[in-house]
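Both complexes shown next keep chain A, but they swap its partner, so chain B is in the first and chain C is in the second.
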Partner chain A sequence: MLSQPLYATAPLAGYRQTINGTLAQEIEHFSLIAISIPDGGHESLNAALESHWQLSLPETGTCIRSSDRAFAQNSSSLVLFGMQTDQCLLVSTAASAFEQDPFEHVQQLLGDAAYLTDQSDSYAALDIQGPTVLKAMERICTLDLETFTASTVARTAMEHLSVIVERPENDRLRLYSPRSSASSFLHAVTTSLALAY
Partner chain B sequence: MNNESMRVHDGLLPDAAPISFIFNERKYTARVGDTLASALLANGQKLVGRSFKYHRPRGIFSAGPEEPSALVELRTGAHREPNTRATVTEVFAGLEASSQNHIGPLGFDVMAINDALSTFLSAGFYYKTFMWPKAFWEKLYEPIIRAAAGLGKLSVQEDPDTYEKGFLHTDLLIIGAGPAGLSAALAAGRAGVKVLLVDEDFLPGGRLNLERFDIDGQSSAQWASNAMAELTTLPNVRVLTRTTVYGVYDHGIYGALERVSDHLPTGSHDKPRQILWRIYAKRSLLCSGATERSIAFGNNDRPGIMLAGAARAYLNRFGVSPGKQIAVFTNNDDGWRTAVDFQAAGVEVTAVIDTRSIAPPVDINVPVFMGNRVCDTAGRLALHSVTLTSGETIYCDCLAVSGGWSPNVHLTCHQRARPIWDDTLAAFVPGTDLPAEMQVAGAVNGDMDLASALNAGHQSALSILKNTGNNAKIPPAPQANAESSRITAFWQVPDCLGRAWIDLQNDVTTKDLQLSHREGFRSVEHAKRYTTLGMATDQGKTSNVLGLAVMADIAGQTIPQTGTTIFRPPYTPIPIGALAGRSRGKHFRPTRLPPSHNWASTQGGSFVEVGAWLRAQWFTQAGETHWRQSVDREVLQTRKSVGYCDVTTLGKIDVQGRDAAQFLDKVYANTFSTLKVGRVRYGLMLREDGFVMDDGTTARLAEHHFLMTTTTANAVSVFRHMEFCRQCLWPTLDVHLVSATEQWAQYAIAGPNSRRLLEALVDEPFDISNEGFPFMECATLTVCNGTPARLFRISFSGELAFELAVPARYGHALMDALAEHGKAFDAVPYGLEALGVMRIEKGHAAGNELNGQTTAANLGLGRMVSAAKDCIGKTLSTRPALNTNDANQLVGFIPVDSQQSLRAGAHFIDEGAPLTLASDQGWMTSVAYSPSLQTSIGLGFIRHGQERMGDQVLASSPLHNEQIAVTIVSPHFVDPQGERLRA
Partner chain C sequence: MLINHPQLGPRDAAEFVYLGDASLMHRPDAQSPTAAEEFHDYLHLRDNPAGVHRELWYHEQGDRAWLIVTRNTLTHEITNVQMARDVALAEQQGHVAS
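Now for the complex of A and B:
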């Protein structure tokens, strides 16, 4: 018997709400791939990244955005997060990236140059943009987000939850937190937005 | 009187809107910008409470956070908050306040009898008086004492308010927006420094708003207002008002409480009540000012007696006169300004009494008594007159007392720095061992006059700019006159007839300190605890130095010889609600939900917390009234046909690298380098000490790619352990770890029809037959028309079973698919409870058996510790004590009487043996009712277990007064040969 295809469920059920003038919306379509750098393979991986996406391995705490339009819809939609000395995350939020399986695509391109682990389903992603973004985050984020630029990324804790933070624009943050605790994460963020003043 | 008859001019509230509030069920009028204290005084309400122990009438003593007497209850119902200082409470329309600590009306407190009995109620009286009968202390004496003494009462309802926490970062934290703080903030702010200026008042300015000074040709209050206006326009400056920095912690971290909406009517806003800020500051400048103190003289606690600076504050800021006839009692020049200001406001000043035998420092047209003292006062519920040591009686309804000023050094002491005594100031000033990167400026540093304070703030800012390489040109410091603040220390009027209070909040008098000294409690710390001096909400802000000075007098020592006061956080009281923040109720911690949670919610699932996870425990169907019915059905149907269960919560760790296999050989007791690609192996992990740490299966997905599973409980600790091993023990290995727990929704499909159910899901051409996909095999495949998946032929239930994993986004849909295709087999979802029953029936160890105190040998897995290789824990697992002949072994137990239920935690003893530790042979770890065997069954550890099959022992639970005869059996109750799972 041929089974019906499985449907996908977004961790935040497609949440989209404006709170105190700031829009919070789930990023439903994104891919997030952990790239581990083989011991001694830094240069070859850098070359592969450069060759395929004009990217290079970022320093820990920084992110590098691609200008490759073949893979991503726009230049800011493919980003490499430097998470630790031998690991980074390749993140794409472009819907077009899903015309084929991003993990398979990256795997084909990088081959043995990196160890890859698909993390696309590991996270709930929330984009918040508006005038109260930083004020709201003051309530739950210990980091000084004012110092963040478009080239900064960090993994931190908010309300006991692991969260990856990037600031693509001054009044905009993208937050990635584990999928299983997505409802607690959303509550933490939206409560902060509601109580920001 | 409720017509603000004591408001003699507009003060700083000329255009303030009139509002009304309620005190003790009576309506009063006030102005926006009033404190509760100023509003009460404006209405002539001097009596506002009763004292802690003697229930003496008490009034308003200060005008700030140091207030020891005017403690009130605010709001009503669940919002009620006791012990709130009227002096820092902003009045708002509709505020309801009431006095506390009295029985009957405030003016006629029944408990005032305590005052007449004061001879018997000296310091520590309860230690001496209520010695017998011993049992009465907890049952009778203490409850009565606590009911009689105590301050306000809690609502005993859940706090309905919202509290927040927050985190701020700044280059320069300025604490206090008085003369020094504002001056420094202007200088640093104009230079572009990222400044956070924090002030506890709702009107920044500190004493600039309380005095009639001039700065740069304008009134000090106007200058403060202009300074604030400028600061709020600077993008690099942030100002927090109504915020108290209450503590200094390591690494430049400061705690602060912002009272966001305490001044707003309940229900009129959507803001949190308070925010507890953690401030990360590269540098700080403490400009916390100084607090005035009193002088000890007879009956110096009556309503109407207040600090001289406070009297000025009420007059100059709020336009309120605390009395119609003001007398001033001082030992310093600052006190004289009170007389000058009141006279200028047209209020009668009946006398200035100065303890110093010098020429009057001010030419003022009022009766002056130099070298004289107040020795007693009169007035039952409010001050009527004072008596001088020279015999004169001065009629006054307000006595303004100034015993000098004590710098607010508290925050400098929070990291154990001790303040230093300054004879010139007759006060402690900050010591040299300040918290890292903290500077002090203004009155807190002994810069008592305005000109010095303004300049000190400015210079401190310049110094910080210089140290940080900031060369910005900024305007010079603001200019003001330097007023005189000469003082000759004078602490207590000797030989007074009445009691002389030192600590108004705790009813501590000079006699209490004398008693403490006589009874040997002479050190500052001992005297504090014996007398309660300096305790409670004010923490002795007006009494500590005075008490220390009196102690020095009694001991015939100097103050430095007697001791110093030192302070710990918090500077002012912090509500428990603020410390909790949002961490209340279900938001106390995050909740983790497996991918099937919503699906399970619609299928009658009952949930249980497993760590942070919420897991389905069982699925109730129509007609089931007891959880056992559901669980038994789930177990029986799974063993009969097929069941499916969400096992996503198991930890999953992606292990990749050229040395991944070698790495796993080191962290696991058994070997993984020999595992073939596409195969799965059970693994046992030991701690360094040789005990079992965790277990699970690990699949080899590729030559250099493994997927490890851990128990749910140990997912984080195992990952952390492996990262430590990777980074610290074997950093040269090429191995990389990524948690994959969240990535995959993983379901166990178990039972004789599990393969048939899966056949409906897996895409061709995958061969799921026993030959094509045998036990302990794994594969990457697609299901349901192309969804990527992983399949593992493993079994926790003992049945033919698989675990199917799909990306988490498809987890809900996969449960739907399993349910839909399972209908043909009467498939059932099963929960954690049925999972547990089946694993006990199969004899699999789980958390109860892997409790950190058991070894591989205890579990019957000793042979898994490979002799052919080394691994973590191997060496210490060979310790003789862990390998004795009588070691515990994991076995099964069934009750001799099958109607009896076993109990986990019961200990095994021989029949007839005493219930002692010496008789103990082991313990029951896990029990369940087995619907398959229709009896209670258990797993447990017992000495020589494997050699004692068929023996009977007693499972004893002394806590439950229960002993059950049990038979020792194999732990494999179901399918001991493993035929089903290999079918």
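Now for the complex of A and C:
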């Protein structure tokens, strides 16, 4: 038995910095669960999502946000990303609101309606918010982020690193990138922010 | 080069990985009496046209879907992009892919 409890370090060590008027901030304590749809199981999974969170399966490239209070603390903190045909990601930034593990909670509710994989520890999440957000992304992102709304999501590559992009607010992007290369990703983003003014 | 993904719209070719001739989708039947000859042709024989070519591209840095891209190898003009999944399902149902 350890005399001192051990706590996992955040992938970006809680990074928070304002660069040229835009805030870059790591999002900690989020839950990210991959949902794969069994063959022919769209209807039953849709019914389960609807009954538990008033959600439905999103089209690829779109996201749906829930206002379910039993799962999340506020209306924007539970999101379903349509990542590809037959697969989506369920993301919550209110993991601390659970009395039990979020993955176990979702597993209990969805049962056999979906194949689930807990990927919460596989990603680093970074919010960038401010007037230079889109300008900074022009250097490293090939997507036209001007056309993104709160209902858009995309996976792309930035400096050869895989990144999932959403735009919850006009001047805010949330970026998810693999934990193993998180510091390289942060370097790419902060370098771009420093060059955007 | 931009590839107009049927579900996601135009995406930079850097997000994709090129595999090759779309005929690779038609894997021979291993139980066929002429399987050895068919697999030889499948593995080693390719058309290499200077012009219109149907080819497989994998959207690795995107939605991980396989696409069939019809591309002119001389000009890089892309005239058609289909989800390989849709083409395979249509072929199973007896429809000829366009």
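Quick note on the criterion: the second predicted complex is superposed on the first by the 186 of 197 C-alpha atoms of A that agree within 3 Å, B and C clash if a C-alpha of one lies under 4 Å from a C-alpha of the other, contacts with A are read in each partner's own complex, and residues count from 1 in each chain.
Heads up, the rule we're going with is that a residue touches a chain if its C-beta (ideal position, glycine included) is under 8 Å from a C-beta of that chain, and two chains touch if they have at least 3 such contacts.
As the structure is a prediction and not an experimental result, all values here were calculated from the model.
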First (chain B), second (chain C), both or neither touched by A:Ser122: first
Which of chain B and chain C A:Ala48 touches, first, second, both or neither: neither
Chain B versus chain C as contact partner of A:Met83, first or second or both or neither: second
First (chain B), second (chain C), both or neither touched by A:Ala157: second
Which partner, chain B or chain C, touches more chain A residues: B
Which of chain B and chain C A:Tyr197 touches, first, second, both or neither: first
Partner chain(s) touched by A:Thr142 [first = chain B, second = chain C, both, neither]: both
Partner chain in contact with A:Ala113 - chain B first, chain C second, else both or neither: neither
Partner chain in contact with A:Gln4 - chain B first, chain C second, else both or neither: first
First, second, both or neither for A:Leu12, with chain B first and chain C second: neither
Shared chain A contacts, counted only where both chain B and chain C touch the same residue: 142-143
Complex interface listing, chain C residues touching chain A: 7-9, 11-12, 14-15, 61-65, 83, 85
For the chain A and chain C complex, residues of the former touching the latter: 59-61, 83-85, 142-143, 154-157, 162
Chain A partner contacts - residues on chain B that touch it in the complex: 162, 164-169, 260, 270-272, 275, 278, 280, 582, 587, 589-595, 598, 612-613, 648, 654, 656-658, 704-705, 732-734, 736, 738-744, 760-761, 783-788, 806-814, 817, 821
In the complex with chain B, residue positions of chain A that touch it: 1-11, 34, 36-40, 86-87, 101, 115, 117-123, 138-144, 146-147, 159-161, 178-185, 187-188, 191, 194-195, 197
